[in-house]
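Order as written gives the chain letters A, B, C and D; numbering starts at 1 within each chain.
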Amino acid sequence: MSTSVPVQGWGREAMARRLAQDIPDGSYINLGIGIPELVARFVPDGRTFIYHTENGLLGMGPSPAEGQEDPELINAGKRHVTANPGAAYFHHADSFAMIRGGHLDLSILGAMQISQSGDLANWSTGQPGAIPAVGGAMDLVAGVKKVFVLTQHTTKTGEPKLVESCTYPLTGQGVVDRIYTDLAVIDITPAGFQAIEIAPDVPFEHVQAMTNAKLTPPSASLSE
Amino acid sequence: MSTSVPVQGWGREAMARRLAQDIPDGSYINLGIGIPELVARFVPDGRTFIYHTENGLLGMGPSPAEGQEDPELINAGKRHVTANPGAAYFHHADSFAMIRGGHLDLSILGAMQISQSGDLANWSTGQPGAIPAVGGAMDLVAGVKKVFVLTQHTTKTGEPKLVESCTYPLTGQGVVDRIYTDLAVIDITPAGFQAIEIAPDVPFEHVQAMTNAKLTPPSASLSE
Amino acid sequence: MINKRMPNAAEAVADIPDGASIMVGGFGEAGSPIELLHALIDQGAEDLTIISNNCGSGEVGLAALLKARRVTKVICSFPKTANSTVFPELYREGFTQLELVPQGTLAERIRAGGAGVKAFYTPTAVGTPLAEDKESRDFDGRTYLLEHGLTADFALIKGLHADEHGNVIYNKTARNFAPVMAMAAHTSIVQTAKVSAPGELDPEVVVTPGIFIDRVVEVPHPAHESELIAAGVSYP
Amino acid sequence: MINKRMPNAAEAVADIPDGASIMVGGFGEAGSPIELLHALIDQGAEDLTIISNNCGSGEVGLAALLKARRVTKVICSFPKTANSTVFPELYREGFTQLELVPQGTLAERIRAGGAGVKAFYTPTAVGTPLAEDKESRDFDGRTYLLEHGLTADFALIKGLHADEHGNVIYNKTARNFAPVMAMAAHTSIVQTAKVSAPGELDPEVVVTPGIFIDRVVEVPHPAHESELIAAGVSYP
């Protein structure tokens, strides 16, 4: 393994574009706040995705033109949005009935840590004095059919986010299906982290080094 | 006690009118099928009642004019009705949220038997071979703030409906607040049946004789 | 491209297999999806479990499905009707089983099934024969029954107007069980008098958001049970 | 005669006592009943428990109520906001307690409280710190938590248009928690930009039926948090 050459993986937009390729036409999707929101910019040709925002809108559209913002039409990140043709408004209990009842196809979330068994930690560092806030993350991971994590492979200070077991408080146990990072696309399997694609020009060994658990390379069998 | 003179109590309409006097202005009411439906004809001057029908309408109005019937605008008894100004339609889970959640002020029901502790039996004779059918009666008695029973004092064959304990399968335990019959108005109290009014020209002794449990006369204290 | 429109009722119900559980909308005749039910009779599936408030009337719609001996179990609050002998005969014969559920508990169980609520505690039916064999528990001095969420393989419902995304609005008291059944079934099929392109329904007035609907069939002039019965129809 | 109209926000909240529990609608600024909250600040009640998804922003509306030291407990899913230090300071000081509830569990607990469902089993939060001290139970091989219905003494919500019977419609994502809070509070108070005589709202599009609403206040030009904050307002 060489770390003397700077390794450059996918950028944020490339990560979002890569994830979007894996979403089937007609999917109902909840986009988490932050990088996940970028996915909506990269819908593959010929596909239609319908976006759910947990504060009561199905069929969320892009940001409004400047001056067209409505303070009562916002998404879960409290940003101004629009409603597409075919949209519907509903109250919060109905919105989370969609989530908890398994009606959404895909939840795309950010992460602080993901364990090799699919545990997700993305709401609290557990630090004393921190203000706890959880929002809808625990509902999403418990209810949505598939959970994709879209995140940098490591923290800003270089700490691996993919770990044997999470040290931060959990959002859910065994809930993550797939992880998209700047370095790789990685499935959670019964055998742990299984890379299915590595970013161009990134050595597998580098991805493994940035991962705090065993990572199976793309060529190797899932069942080993 | 004399049974040699035929005793005539209130007629069906007089029973309904008597009950209507006891309903406060602005009450939300569910009317059971049969005699209870008559109450809507006798709203006292100056009062407004709002009728709920469990199949999804609040603000139910009277029967439509002939030729104006809509097969998709019916009440719980499957009769054609209308919607008053200020009405709202909603689905069945919301409708029974109103009932179970204690939002309705009054449920007026028919009865097969009422016990002195307020148990109600009004859905089944429990006969072998009978087709069981319960509808919303159990939800109404469990959820509505007050339950009034409007019924003949005895069955068509002269059997008392007010009894020490019900022999028919129960609709609910200790749920009835007051009973309006052709002979009397009777409260359920911790001490049992307490008559609060007797129909004109009906001897109290006759009402007691038609009641299969101790009945306290109107003048006597509740706390005796 | 999302378009849930099906060419006709027959294709909408074509894949319902023997043994399926099916929620059927309607309270009395209001909201009964007659054309979908008749297509299901034509299709031939049997050994069905039907979840519905009533068992139909006359010999059309749901009653006709029962009469055709396709239904071996009903989960229902009020199977009796004034003008049908279909269910009583099948029940007494032992061909069709009955799970009797109070109406509000039925609505709430269906909503819970659709909302991912596994079970809940309700005060309804405590102390009655319908509480037998059910878990109960006291909270704050009152007794409640544990009731379980209810789901089904299919829902057949009737709306007034839908769009191709599956958003639906209803007509008056024909709404009844349809919105919660749409939530609780794996495959929800709605017939509506009109089907439009997305954008024709105001997002503020949509009752059932399209995420709960899988298939939409336009039936421009739906029949009403009472009219068919008055006309002496016995289906098929 | 049914007329739930109140002359103004001050009279609508006049009887809220010290120690009351109050559900407050809104998600972010959408649906926040600013004028009712400001009337409550003027009114002076303290030792309040607030049930709301957020804790407000800036120093207006809900954040201003907290800043005035009237709130000793919040039941909330996301008390942090980018532009308010009010809650964090009161929380660290120990003046205001926090019961943190996942957003969907909060919505469902409120709906259950309004629907007479005493408690329910949900898969949300299993295996997390928010499951500590909660009963859990396995059904069909999966673990669920027991969560309890939530009610309150009062609800303060914001709609778009109401009638004198208390029927309410909302505006876009300002609907959020308001319909379930209206169900779950003993006394539900709504402010709307317009109040009409009964009959002006189409019964098919009413979102909150009047039975859930006790008081209606017309606030023709409601303020938005973001506008007040941009204008440098700190209430009172």
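Here is the rule we use: a residue touches a chain if its C-beta (ideal position, glycine included) is under 8 Å from a C-beta of that chain, and two chains touch if they have at least 3 such contacts.
Since this is a predicted model, take the numbers as computed values, not measurements.
Separation of chain A from chain C in touch steps, taking the shortest path, is 1. In terms of the distance between Cα centroids, chain B is separated most widely from A.
Separating the CA-averaged centres of chain A and chain D is a span of 30 Å. With centres set at the average Cα position, the gap from chain C to chain D is 34 Å. Centroids of chain A and chain B (each the mean of its C-alpha atoms) stand 57 Å apart.
Touching two or more other chains at once are residues 57, 83, 89-90, 93, 96, 99-100, 142-143 of chain A. For chain D, the set of residues touching two or more other chains reads 108, 111, 115-117, 122-123, 170-172, 204. Taken pairwise by the contact criterion, the protein chains fit none of the simple patterns, being neither a path, a ring, a star nor fully connected. Under the contact rule defined at the top, the touching pairs of chains are A-C, A-D, B-C, B-D, C-D.
Residues of chain B touching chain C in their complex: 53-57, 70-75, 78, 83, 89-93, 95-96, 99-100, 119, 124, 126, 129, 131-139, 142-143, 169-173.
Those residues of chain A whose C-beta lies close enough to touch chain C in the complex are 25-26, 28, 46-48, 50, 52, 57-59, 83-90, 93-94, 96-104, 142-143.
Taken together, the chain C residues at the contact with chain D in this complex read 108, 112, 115-123, 139, 142, 144, 148, 169-170, 172, 204-205. Chain D makes touch with chain A in their complex at residues 27-31, 53, 77-80, 87-88, 91-92, 98, 100-105, 107-108, 110-111, 122-130, 170-180, 207, 224-227. Chain D makes touch with chain B in their complex at residues 1-2, 111, 113-117, 163-165, 167, 183, 197-199, 201, 203-204, 206, 209-212.
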